[in-house]
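Multiple structures are listed underneath, in structure tokens.
Here subunit A shows up in two complexes: once beside subunit B, once beside subunit C.
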Partner chain A sequence: MASSKAARIGEDVWKSRTEKINTEIVTLTYGTIVSSLCRDLLLPNTTSSTDYAAVNAELDRMGYNIGLRLVEDFLAKSNTGACQNLRETAEVISKTGFKIFLNITPIVSGWSSDGKSFGLVFEENPLADFVELPDDGRSQEELWYSNILCGVLRGALEMVQMQVDVRFVSDVLRGNDTTEMRVTLLKYIEDEMPPDDE
Partner chain B sequence: STTNEVATKGGVSSTGAPSTAAGLDDGTREALYFRLNNMGYRVGQGLAERFSTNRPRPVTPLETIKFICKDLWPLLFRKQIDNLKTNHRGIFVLTDVRFQPLSRVSVDRRAGPRAAEELVRRAQVYLVFPAGVIRGALSALGIEATVQGETTEIPTATFQIKTKGAKA
Partner chain C sequence: MSYYFTIIGTKDNPLFESTFGTSKPGTGDGTARFRDEAAQMNQFIVHAALDLVEEVQWTTKDLYLKKVDTFQNNHIHAYITGGNVKFMLLMNADPSLTAYSNYASPPPSRASMAKQGGLLAANPTSPQTEEAVRGFMGEIYEAWVKCIMNPFYDVNSEVTSPVFRGRVSAAAKRYL
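Then we have the complex of A and B:
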């Protein structure tokens, strides 16, 4: 599918087939979730030092569970078929997927030479509006604030037979110039027959 | 405006955790409710601060409650509260006859009345966060209250607001 077609479907579904909610509710609610995880998940034998690796992992896990279900909604609304290659997948993720659910289109860039890994650069990120990371000297090194998005992609792509590694590599909240996520295709998952299936 | 919105499928149910809430023991359920309610409180506080700025500040408790029913509720659930009752002594009951987070749950009718009871029990968890939102919004507007969400017949939800010093 051409990039322009992915964009057209994204626009169309966003306008006509998406139930919407005010962004600030999402921003506030997501911020509350992250801050409550930061309060709850502490390093062993401490009373207030957040285990940011655990927070990242939990956000990823929550996103994964969302992604597993969200892909159904995505397929139903967008009515797109299987992608022919990873380049097409990248375009559909950016211009259709992110458009439908978050009304943003991260820029696909930075393809690896083997064509198995690409970057998504977020010029806007509704999850992180008005957000500042805690000033504890560690969060800016360790917390990936929007990590739930990595989980969502991982879960959604797993349901369409793609095993991927998804991680943020930079975030403006940490003081980086860009917010960028890298998606790496590990393998296409083969359909396996259940054992003893006649 | 469309630039200021994102997609939604409903309440706070996307992680899948609440659906298992009914299977939790009492202590765990209480801790879960406490946490969800406090998260709602924070969201409610933020929303009230953000969205009450361009309108006259409500001066009576009733006006404040009406702000919740007519302004805050549509932001969250795309509809107003359907019914507001008060005893004029500090207690308010808000009824939403088609509460969005409960609008698409279903029950296996063949499983009989017990299934319906179980469903109502399971639905309870979806009211905890919104109850916290109401409590937080009221607090931001200067009213201390306790808020109890309840459902006896899905998809109707009621929220009982007991302001500080209320008389039954």
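Then we have the complex of A and C:
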């Protein structure tokens, strides 16, 4: 079955063909990135109020750049062929992709009725260990701490001809029960001629 | 019996403080019973004890420095972390006995009442006291490490996390 094959590939690659790094280095580095962004991206005309929308956008942009390159690494390591449909794609992302790079397997759930959108529920999020959002009243409502992951998925899927919208809908750092990310397929990208080719 | 717990940073700046009473059944309900002047005097006494902490810290490899100072009937226990942050616990068996001024004579000792119920401050150097405070400090240390791992916390700045405050109160209820 597709999902167990994806899980098996993920396990194999995680065990044998990846170099490992200490989790806490990743957690602390990512934490520094987010808190530096919060210090640097301020609302116009203020000295210390963070513009959380800009932080979210910046994290997404950073993730997008990562995703564009990461997908090549992923395909090389895992040797999976093309996925036939969105369901297969979802399984491969959660069981192989996240497993190889973060050693977590988010659960695919919440398929929409038209089959174009699904949710990924994260039981554990290594990027957000030990984090408490700053209590300035707004961060709880406005900051998506792990937004870089959304960008990574968006960039990676764009390189395999799928245009998606990825966003977080809930986050335990904000006080919700679960951390859930919603992925929606907008369209399959057709190859187009460059605009001014002769 | 009342406690005043404070965390002091590397520049002798206070980062956190909390006042509570013993929660042992039969002796207390968790609220502190300090006198009014105690608010400033507690801080003053604890900061005066910092000199002794700095002397003692070089004599032992242990992070827990036990009782470092006494002032009238306040006893101060200290724990130092790897980052030179000091946790100071001031305990006072019977705050109404403490007369801060040199001129007023303290009221007659009521030590016999204090010893009932096994109050820790009644015998500040006893092994049970030291063990209880060591356990308390150990739990605070764990909570402290988690708190400073938070990327949004600036090291050596004030700790405002309600999670940390909750953990301190829980540890106090368990050990003191």
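By our rule, the second predicted complex is superposed on the first by the 191 of 198 C-alpha atoms of A that agree within 3 Å, B and C clash if a C-alpha of one lies under 4 Å from a C-alpha of the other, contacts with A are read in each partner's own complex, and residues count from 1 in each chain.
Assume a residue touches a chain if its C-beta (ideal position, glycine included) is under 8 Å from a C-beta of that chain, and two chains touch if they have at least 3 such contacts.
A quick note: this is a predicted structure, and the numbers were derived from the prediction, not measured.
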| item | value |
| --- | --- |
| Subunit B versus subunit C as contact partner of A:T32, first or second or both or neither | both |
| Partner chain(s) touched by A:V131 [first = subunit B, second = subunit C, both, neither] | second |
| Dominant contact partner of subunit A by residue count, subunit C or subunit B | B |
| Partner chain(s) touched by A:F101 [first = subunit B, second = subunit C, both, neither] | first |
| Partner chain in contact with A:I66 - subunit B first, subunit C second, else both or neither | first |
| Interface residues of subunit A shared between complexes with subunit B and subunit C | 28, 32, 35 |
| List of subunit C residues in touch with subunit A within their complex | 146, 149-153, 160-163 |
| Subunit A - residues contacting subunit B, complex | 14-15, 18-26, 28-29, 32-33, 35-36, 62, 65-66, 69, 73, 100-103, 126 |
| Subunit A contact footprint on subunit B (complex, rising order) | 2-9, 12, 14-16, 35, 38-39, 42-43, 46-47, 50, 75-76, 78 |
| Residues of subunit A defined as touching subunit C within the complex | 27-28, 30-32, 34-35, 38, 129-135 |
